[in-house]
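So, here come the structures, one by one.
Each of the next two complexes has chain A plus one more chain, namely chain B in the first and chain C in the second.
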Partner chain A sequence: MQRKKASSHNKVRTLFILSLISYPLILFLIFYVFVNLNSIRMAFFNVKLDGTWEFAYFDNFITFIKGLTETGNVIGMSMYNSIRMYLINLVICMPLYLIFSYMLFKQCFMHKAIRIVVMLPQIISGFVICMLFVNFISGPDAPLSMLFSHLKIFIDDKSGMPIDLLYNEKTAFATTIFYGIWISFGTSLIVYPNAMKEISSEVIESAQLDGVSNMFQEMFYIILPLIFPTLSTFLITGLAGIFTEAGTILAFYETNAPDYVHNMGYYYAKLVKNANETTYPMLAAGGLLMTLIVAPVVILVRHLLEKYGPSTEVQ
Partner chain B sequence: MEKSIKIKQKPRVLDVVSKVLIAIMLVVLIVYCISLLILPVWMILTSFKNSIEYVNNSFGWPENFYFLNYSGVFEKLQIRITDFVIYNVFHMLGFSTLYSLGSSLINVFFTTCMAYVLSKYKFFGSNFIYNLGIVVMIVPIIGSLPSAMMVRDALGVYNNMFLHIITSPSTCFSGTNFLLLYGAFKSLPWDYAEAVFIDGGNDFTAFFKMFLPMILPTATVIFVLSFLGSWNDYQTFMIWLPDTPNLAYGLYQFQGVSRQLYKATIGEIMAGFSLVIIPTVVLYSASQGLILSKFTVGGLKG
Partner chain C sequence: MKRFFKILAIILTLTLFGSTVASCGEDQTGNKYEIVVEPFSGSGFGYQWLKDLATDWMKDNPDYTVKVKESSTYMAGDQLSQIAAGTTITDVYYGSDPNYSPGIYKGYFEDLTDMLSVKPDGENGLTIREKIMDFDNWQKVASKVSYDSATDKFSYSGCYMLPHSITMTGLVYDHDKFLELGLLTYAPNTAEVKGQLSAQGITFDVSGSSLIFSSSTGSTNYKSGDRILIAGKDGKYGTYDDGQPQTMADFDEMVKNIVAMDAANKAFVYATKDEYVSELVNAYVVQYAGLDAYDALTKYDSNGKEITLDDGSKVVIDWNNGYLAHSVKGVRGAVEFLNEYFYKDPTYYTYGNYVQNAQARFIAGGIGQADYVAMIAEGNWFELEAMETLKSAEPFGKGYGQVDYRMMLLPNIEGQKGIDGNGHGSVIASSEAGAITVRKQADAEKLAAIKDFIAFTLTEKALSTTTVNTGLIRGYKYSLTPAQLSAMTPFVRNCYLAYQDTANVKVLTSATDLLRSPFPYAAVGYMADVGFLPCKGVKSLLNSLKSNGDVTSVVNGVAGNYSQSTWKEFLASIKNSL
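Up next is the complex of A and B:
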């Protein structure tokens, strides 16, 4: 009787587990596993003029590598810009996130108002802020252009008009970087202070008794080691997305961005959006190459962070 | 179990530098916050100016509040898909609502299911699925967009909003939302389920009547953030659903390359943006306390 009951219980449990996880797993098999396997297959084929596919050996890889190494080629420029964007984010944004988060954690002057205002791009919508930014700085009737014109600064020598920051070769990339940094604080200034809040006040008080007296010491000896899992999660996912994130370039330019502001994420999105099917095999080959380079780097960085990063265990 | 830190010498210079740095950074932070307010304020003021006033007074307070910009958005904002299919603001509003509600609900529901099963049940392959989720999150697969386009096109998912929504939770056991829910379920003891079983319930009852209500605040935060993201998502519509434009994509077209085509004035564009943010501002304001308290991200332990 008991065995029968247990068997029925097990059947219900199996049914329960299967009913909850089957559908997402089937979707995963189709839209992740199959899509990626198909991408690998595509890397070795070419689309002929009549629309049929023919085996192309390593031709697509060679085309991609040539594009990468050729001076002035958009593929190389896209990769260079992606790496630059990641490094600038790492070197400039990450320290600022941590310092600002520390100040909010310590309940600095106007901390409640600051926490609401930094979330404005998320509240109002990142998309709308992005469009407002474009309308504010770019175009003949943009307020910034009018201001330049009024102050007679940033005037183009040839046309005598104020320069358009989004379409001037000297300023376009810097403008996209500036916008990326300017807009990026919202989520970080919620996540990091929340992680800091989870540190027991006893740990901080005992550290103060041991002589910790300023921000640098508190950050290095207490806060950074204890929020290290959160920090490393952002470092790893940021690195993982280095060649897939289009950033705001798609919003700024749709599919008409000048070559010098392209990054890899944008380059792929643009060609797919334009439905240029003949370029798909080369893109797939490039994607496979980049995955083979980036994936081991991400795994290595994760391993190093776990092995040599500060321990969160209390000694 | 006591953490002890040995500071050899009290570094007074560092104390001073630290205080000065904090003061400087506070000024920087306040200036940054002010800079964030400039664009929304400019948007609202400009939405009440006509074209002539805007040229003479781009930044200042409107002399006469020009409400026709708002009706102009409803008249001019139309997207022509074919000669016979033209979508107006109300169609786009419908697409925005359908997509935001549908994709957020289905994603949060399946992410919650996966997080619950993987955190509470040990079965053949459970550890593998959990680790797979972590691997999917940290190992980048680059360049699969063309293949995704071909597969979605072949399956009829491309340009089909209903199919796009129901196929969206394909990596729901990976990512920040999954980790948040997984951690939340892990922190709840299994004793609750045992109590349900003693009362004659089964696994379904334990999940739907016991654990799901307890996890609701975290799931609500994820739903709200997902809804806000979907409401403003124009990229999905640009690439995957171009024939069913939502408001964000419609406005993107309205202000961008097609601005000349619509003969839209800057005041009308700003009025459009002012209208599209109303739902997100209301939703965020209503759930702000919950979002600020629940959103934490831990480590990636595989």
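Up next is the complex of A and C:
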């Protein structure tokens, strides 16, 4: 009787667990396992317009690599921009985020005002903020263009018009990066200060007793090592997404961005939207190639960070 | 508590699986007699015209219900995805764009070849094939292209689409306001003009140097007492293009006069997002370089004739050297035109990010204290799309149908080939041209009914009524009675008359004409959906000007769209794909 009850209990338990995990599991199988396997297979085939597949050996890989190496080809430009984006994020954005986060953590002068200012774009709809930004900087009647015109700065030599930051070859990429940095401040200023708040005040007091005398030392010798797991997570996920991150380009230009602001994420998003299935094999081959580059790098970086990064354990 | 969890588990499971099944399944009405029709509702033309036709058809076909989807703004690409995913119940598409070709190859659509011999207006009427404007051209658009590797030849078969709509894009102006401001040219009091007027059956009075309209035996748009304007491209007085600038110099003078009248005046307004100004560039290039150059640019085949390139060399374009077409002579002049009036000098123009902003600026221009804007780069859907704005302008006499808006033809460009190859005529470009397709049907009876419904929408009465009520021009040969013409708003009438004046005006339908070759949908890496004159790297010519700052860079950008090696790859990928 007891065994029967236990068996019935187990059945109900199993049913409950199944009901919870079966749906995400099915989604995972379809949208991750199947999609990836299909993509790998597709990389070696040509898809005809009637939907039939024809084995293509390495033709799609060759087409993608040709695009990568050909001067002026959008694939090469996209990859270059993706790498630039990651490096800029790593070298400029991350230190900035950390410094600002530390200032907030230390409750510096006007820290509440700073928090509101950087959080504001997060509160308002992303689309609205993007529209405001574009209308502010782009077009002959944009306030910034009028300011340039009035001050006679940033005037294009050839046309005599104030430059349009979103369409000038020299400024467009930088503008998208600037917007990306500005808009992602809000998220970073939640994550990092919260990680810093986890640090026990005793640790900081103890560090001060041990000779940490200024904010610089405190940040570099105490705070950063202790939030290193958060940092390394950002570093690794950023690196893993280096060729899938589209940034704000889609929001700025829809699918009509100039080639010189393309990155890989945007390039793929645009082609999947605009092109038909005959283009997909080349994209699949490119995806596979990029995975072959990124996956080992991510694993290596993760290994190095784990091995050589500071330990978070407080002795 | 256990019981609660058990019930919760069951509910969760049912909800999750239920929602999955519901979202993946087709929306079945279970009624085999229902025909679902999907027009594009995002344009100014709306869907009411199709609902009206469906109601009329159902009167004679009571066994069938035609359901018109009222809020579809899907383009062909989205509709193809829906068919692939099995998430649509649409039977017939009246698409605003014709890019259904990839679906034709996948067997999504019915071959409508048998419909071509149908006579919608009865035994004495024309067949659908005869009704279609330039059927040979259309057949290439609507066919499936096959490639025979043994003979290295391409062939066309079937007819999977029928024409739906043709639009016109150009500079729209308020004729009466132009008259008030003296921006149009009056007919001179010369013996030649008087002779022409008399030959046209127009009687007039002479008042000094002016000729004043009195009456006419034929149809004109003058009222008694109107001062007669010079004839337009059609050489006739009292038509849609009277008084318009004849040459580019006249046009320039008119623009300068507009801005000279008041520092706040603008000659043009356009929407930066929709970029109808690009259509002016397209029209300019074709008017200058001729229709063989247009074929070279849109089907990569100059019909065996030489076209002149920017460097002065001449070349016959075919699928093997199609990339050279973008170097055609005329692009430079067109980009200079764009630069001169729509980019370089903001004295001439203003803009809105979206069409609604530009429309509001144009309609309000000159009312009360608002600064005057003389012309808008818009299409023949302008009035319907701007209906709400026009309603608000009604108290000022600028409401819907109250204003004699007209489309300004491109003036003669020095050295132009025109539409006849001899320098005559104007070109109007079109940003949109739609197609009708029928999704593959399992039920032969229903398919027959669908074809009958489509044929009904192509009767003389249906075609003309649609144009009268909406301004939507259908891609067929049909005519309007004088009563129907007078029932139209002045703008719709003027556009229709310009479209009908095929001897003097060529309306380009590049959206469909590009599909005469399989490059747009079968060549991997081809820049589709960007018109026939994109600029390498930036696509849009206006953005290219912003980007490069000078005309030469843009011209080089257009010419450099595709290299010889890229083009070879295109051809190879087409052969692979077909």
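Just so we're on the same page, the second predicted complex is superposed on the first by the 310 of 315 C-alpha atoms of A that agree within 3 Å, B and C clash if a C-alpha of one lies under 4 Å from a C-alpha of the other, contacts with A are read in each partner's own complex, and residues count from 1 in each chain.
Quick note on the criterion: contacts are C-beta pairs under 8 Å (C-beta built on N, C-alpha and C of every residue); 3 or more make two chains touch, one makes a residue touch a chain.
Keep in mind that this is a model prediction, so the values were computed, not measured.
Participant: Could you check whether chain B and chain C clash or fit when both are placed on chain A?
Facilitator: Once both complexes are aligned on chain A, chain B and chain C clash.
Participant: Between chain B (first) and chain C (second), which does A:Val12 come into contact with in this model arrangement: first, second, both, or neither?
Facilitator: In the superposed model, A:Val12 contacts both chain B and chain C.
Participant: Which of the two, chain B or chain C, is in touch with more residues of chain A?
Facilitator: B
Participant: Figure out whether A:Asn274 sits in contact with chain B (first) or chain C (second), or with both, or with neither.
Facilitator: second
Participant: Between chain B (first) and chain C (second), which, if any, makes contact with A:Asp141: first, second, both or neither?
Facilitator: In the superposition, A:Asp141 touches chain B and chain C alike.
Participant: So in the superposed three-chain picture, is A:Phe185 touching just chain B, just chain C, both, or none of them (first/second/both/neither)?
Facilitator: Only chain B; A:Phe185 stays clear of chain C.
Participant: Of the two partner chains, chain B (first) and chain C (second), which one does A:Asp259 touch, if any: first, second, both, or neither?
Facilitator: second
Participant: Touching A:Val117, do we find chain B (first), chain C (second), both, or neither?
Facilitator: A:Val117: touches chain B, not chain C.
Participant: Is A:Leu20 touching the first partner chain B, the second partner chain C, both, or neither of them?
Facilitator: Both partners, chain B and chain C.
Participant: What is the contact status of A:Gly76 with respect to chain B (first) and chain C (second): first, second, both, or neither?
Facilitator: It touches nothing on chain B or chain C.
Participant: Could you point to the stretch of chain B, among 40-48, 58-66, 76-84 or 292-300, that collides with chain C in the superposition?
Facilitator: In the superposition, chain C collides with chain B along 76-84.
Participant: Taking the two structures together, which residues of chain A meet both chain B and chain C?
Facilitator: 12, 16, 20, 23, 135, 141, 256, 273, 275, 277, 279
Participant: For chain A, which residues count as touching chain B in their complex?
Facilitator: By the definition above, chain A touches chain B via 9, 12-13, 16-17, 20-21, 23-25, 27-28, 30-32, 34-36, 38-39, 42, 99-100, 103, 108-110, 113-129, 131-136, 141, 143, 146, 182, 185, 187, 190-191, 194-195, 198, 203, 206-207, 210-217, 221-222, 228-230, 232-234, 236-237, 240-244, 246, 250-251, 254, 256, 264, 268-269, 271-273, 275, 277, 279-280, 283-288, 290-291, 294-295, 298-299, 302, 314-315.
Participant: Taking the complex as given, what residues does chain B use to touch chain A?
Facilitator: 1-7, 10-11, 14-15, 17-19, 21-22, 25-26, 29-30, 32-33, 35-37, 39-40, 42-43, 54-55, 58-59, 110, 113-114, 116-117, 121, 123, 129, 136-152, 155, 167, 169-173, 202-204, 207, 228, 231-235, 238-239, 248, 251-252, 255-257, 266, 269-270, 273, 276-277, 280-281, 284-285, 288, 291-293, 295-300
Participant: Which bits of chain A are touching chain C when the two form their complex?
Facilitator: Residues 12, 15-16, 18-20, 22-23, 26, 46-51, 54, 63, 67, 72, 74, 135, 139-141, 156-161, 164, 167-169, 172, 255-256, 258-260, 273-279, 282 of chain A touch chain C in their complex.
Participant: Can you tell me which positions in chain C touch chain A when the two form their complex?
Facilitator: 2, 5-6, 9-10, 12-13, 16-17, 20, 77, 101-102, 105-107, 272, 339, 343-344, 346, 350-351, 353, 521-522, 524-525, 528-530, 536-540, 543, 545-550, 569, 573, 576-578
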